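When the chains are written out, they are named A, B and C in that same order, and each has its own residue count from 1.
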Amino acid sequence: MHRHHHRRAFLALLCAAGFAASAPLSPAGAQDAAMPLKGQTVRIFVGYSPGGGYDAYARMLAPYFEKKTGATVVVENRPGGGGLTALNQLVREPADGTAMMMLNGEAAIMAQLTKQPGVSFDMTQIGNLARVAHEQHFVLVNPNMPGSLKDIIAAGKPVKFSATGRIDNLGDYAAVLCETLKMNCQIITGYKGSKEAGLAVMNGEVDALAISDGSGNDYAQGDKTKVIATIGNERSEFKPDVATVYEQFKLTPDEKWLMDFRLAIKDYGRVMVAPPDVPADKLKYLQQVWREILTDPAVMQEAAKAKRPLKYLAPDKLDKTTGDLLKSLPPDKLEKVNEVILKKFS
Amino acid sequence: MLDALVSAGGLVFQPVVLFNMMLALPIGIVIGLLPGLSGITAIAFLIPFTFGMEPLVGLAFLLAAYAAVSQGGSITAILLGVPGEVPNAATVIDGYQLAKQGRAGYAIGAALMASALGGLFGCVVLAFLLPVMQPVILSFASPENFFLSLAGVAFIAMLGAASPVRGLIAGMLGIFMSLFGYDPVEGVPRFWMGSDYMLDGFRLVPLAMGMFALPEILQLMTSGKSIAQPGKLEAISSRQVVEGGLAVFKHLGIFFRSSVLGTLIGIMPGVGGATAPFVAYAAARQTAKNPETFGQGRVEGVIAPEASSNAKEGGALVPTLALGIPGSSSMALLLGAFLIFGLQPGPEFLKKHMDIAIALAWIVAIANVASSALMFLLARALIYVTRVPGHILAPILLAIVVIGTYSAGNSVIDVLFVFIFGTLGVVMERFQYNRPALLLGFVLGETIERNFHVSMAAYGPSFVLRPISIGIIAVALVFLLWPQRRRVALLWRRA
Amino acid sequence: MNRAEAVFPALIFAAVAALLLAGVFAFHYSWTVIAFPFVAGVVVCLLCLLDIFLTLGRLGARPGATDAAAQALSLASLAWALSLAPFVYALGFVFGPAAFLFVYLRAHGSSWRFSGIVAVASVLVTYGFFIKVLHILLPVQPLWLLASW
């Protein structure tokens, strides 16, 4: 009902753009073989309650998937376990292409890497379909702090970071940053959510926060906090004038590997995945559908307008990433990662 | 400031805005009447309808439905003893007793009037404070949140003043139960026993539904009688409802105190909004004559939680609009709606769009009043529910509770827990252990632990010496000792 | 009656104590993890002991303040309430409640027509309102067919 109204509006928009582009991809006569999910119900799991970022991405992309495949898409919110209980449930679903998940890929890899209790999935076996998005991270500080990382380090005073937990995309970034730059840090976990962690920086309870660029940009409004660095291989489009950590500091490969490792996990990002063991032809079909959706300029434009930009990456690259991250790390480095992220700077 | 107010009024009183608000109200009321469904459900459901609406129209639509949901929830709390949402659990205590005495109309009238005026109060405060709120919000950090939650725990003991040991057991048990699942410091899941579901511990909706609804349902099934005990029935008329509405004006002191409490609690983003009705209830009890008759059908026990609950929603808009930090989980969803409309709440938003911010306050106020008015009209029909024989009402109620609980979390295990907590609720009711106290402990326990840990880590033990913290302790002590004030004064003079 | 009142605090004491002991000795939680539950749990246990002591001390002495409030719940009502579960398990969330309502109402004296009407209304509300209008994902199919809950 509501989706049909919504869909009609966009059909008008997309018809002109999409029709010509899609015609060669679905030759008339091979319709049903080319649309194996037509008429079926497809579920996209989201590991968080309605209203969050992952939910927004899933609901934004669902109509496009419906249009391309002729299936009915239902977005199922299954919050719990830090967004990962839904993944545990996904891998138990039948591998017939009707169940997918809009996954917090960073969290999943970190959880598996640090052997968290409650992990019953294996990211090296998961059916990667596409990367939907990934974000840079900002380092936010209280306005009373020195204006650059170099000044903060030079001042020598301990820097307090806020976080909700050690592997929550806040605390682990802080740990990696502090270890790489040899900062004197204290990571204070226990905040209820990233918004509370941001508030703590605003009211001076903590000094700094490492947070995704979208949220960080929100909290930097009105000079309530300052953004002094970007954690990423590139600058963020939210604040293109803020230099990356690598630009601000010249680091040797020995010093860089931990941050590179974390950034490789970050580049895995928000992904659309299917359970393991989906038959090869179905998997290819799903991957193709998502590639078409996520690289369609009209879709990308709508996404950018809603402040949910798309950054597609192909599944074969994603497979290589998970393999590298989870299987190729030598034991001593793995131990170091666990130690820095879970224990240090408490 | 004045021109912002005027311009806001101009924005609000456009026909299209008012029309959409009126459209949203019935939807909110229906969702509120169904146990298990909450304001979040209403907003999530309605957001897709707002695509294509002008920003203010869409936001008015959502806020109106949201305001109406809590009115519906109060009604089920009174008529059925089942809280529509967790904050309504405090209304159950005296409201349901009134319904059993055949005075449901009176309770409903009081609840509706208290909510309408409480909501108005919260919004007026909001409109005036919004420009200056930021420094206030920013001076409340983890230590203050810790002491506020702790004060909430102290009130638990007061809720069970008839049998303090049992009240405390309930409250502390609630706190203990809230600590299952991920610990806030290291992220180690406590007592999860290998079950994915228990990674996050016990869930609030099954607990509230199970403890409150199941015992009532079983009671109805056993006795077969209607909720309103025969022998005490007046004819159903609007007169009772009007009387109830007027009762609020006879207890203005309690009303204002509760509204202030609600607004304050709503403004502070760290304290759970669910505590506001309980704190107001306990404060009302503390300062009333004959506090031991609370729990047997005192109308003040309805006015206090209802007023504070709606006042807090106006309060919750403050940090949401002023800092972009949601004052409650429903506000978090609303923030998403803002983004869809291309608006970005926060300091910049207030500078550029103060009139929209104030207009939103107006809208919440009007929605409160309008949904109350709508419910007044429906009240007579709804009161019939208390006259339906138990053998018909009970199974229907059970089905609704089960479906509503499933809807809240998409989990069958939630439904299982409704029955488990139902058993707990039955035993607790039988032996007079205070159920709202357990609920309050459950809501507060995790907050206390988090804020304690963060306070210790960020400030060290000297966090107890912060000025606002000391202020909170002082006010809490005053409230706790108020009934004993003469004795305390005597002791003080002798020392 | 009064002695039976001590059962509840005794059970709570046992459950909480067991969990705390398991936490320390079986699950090996570190101090930071177990500190708060430990404090809360110990307080609960002490309060329960106090409650038991006070209750037993009052044996026979207290007039029935509890008796007035306690109306015995029949076992039959408990059985009926629990019976909703197998209905939902066998028939899903749309037809399960409807069947339950029909059976319950018939068994407790309502007419065929009334029971039928309520059952049909239930289907309309669960399917029409919850599923179609609110888009809440109530499983229509029997629960034993679902892969994951």
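Rule of thumb we're sticking to: a contact is a pair of C-beta atoms (placed from the backbone, for glycine too) under 8 Å apart; a residue touches a chain by one contact, two chains touch by 3 or more.
Please read these numbers as outputs of a predicted model, since none were measured by experiment.
With centres defined by CA atoms alone, the chain at the far end from chain A is C.
In this view the innermost chain, defined by its CA centroid being closest to the centroid of all protein CA atoms, is B.
One inter-chain figure worth recording: chain B and chain C are separated by 23 Å, centre to centre, where each centre is the mean of the chain's CA atoms. Taking each chain's centre as the average of its CA atoms, chain A and chain C sit 39 Å apart.
Note: centroid distance chain A to chain B, computed from Cα atoms, is 34 Å.
Touching of two or more other chains is recorded for residues 185-186, 188, 410-411, 449 of chain B.
Of all residues in chain C, those touching 2 or more other chains are 137, listed in ascending order. Multi-chain contact residues, meaning those touching two or more other chains, occur in chain A at positions 76, 89. Of all the residues in chain B, the ones that touch chain A in their complex are 40, 43-44, 48-49, 51-52, 138-142, 182, 184-189, 192, 196-197, 199-200, 269-270, 323-326, 329, 332-333, 335-336, 339-340, 344, 346-349, 351, 409-411, 447, 449-451, 453-454, 457-459.
The part of chain C that touches chain B in the complex is made up of residues 5, 8-9, 12, 16, 19, 22-23, 27, 29-30, 32-34, 36-37, 40-41, 43-44, 47-48, 50-51, 54, 66, 69-74, 76-78, 80-82, 84-85, 88, 93, 97, 100-101, 104-105, 108-110, 118, 122, 126, 130, 134-138, 143, 149. In the complex of the two chains, the chain B residues touching chain C come out as 31, 37, 41, 45, 165-166, 168-169, 172-173, 175-176, 179, 183, 185-186, 188, 190-191, 214, 217-219, 221-224, 391-392, 394-396, 398-399, 402-403, 406-407, 410-413, 415-416, 419, 422, 426-433, 445, 448-449, 452. Against chain B, the residues of chain A that register as touching in their complex are 2-3, 5-6, 9, 49-52, 56, 76-82, 85, 88-89, 116-118, 120, 160, 164-168, 186, 188-192, 195-196, 198-200, 202-206, 218-219, 221-224, 306-307.
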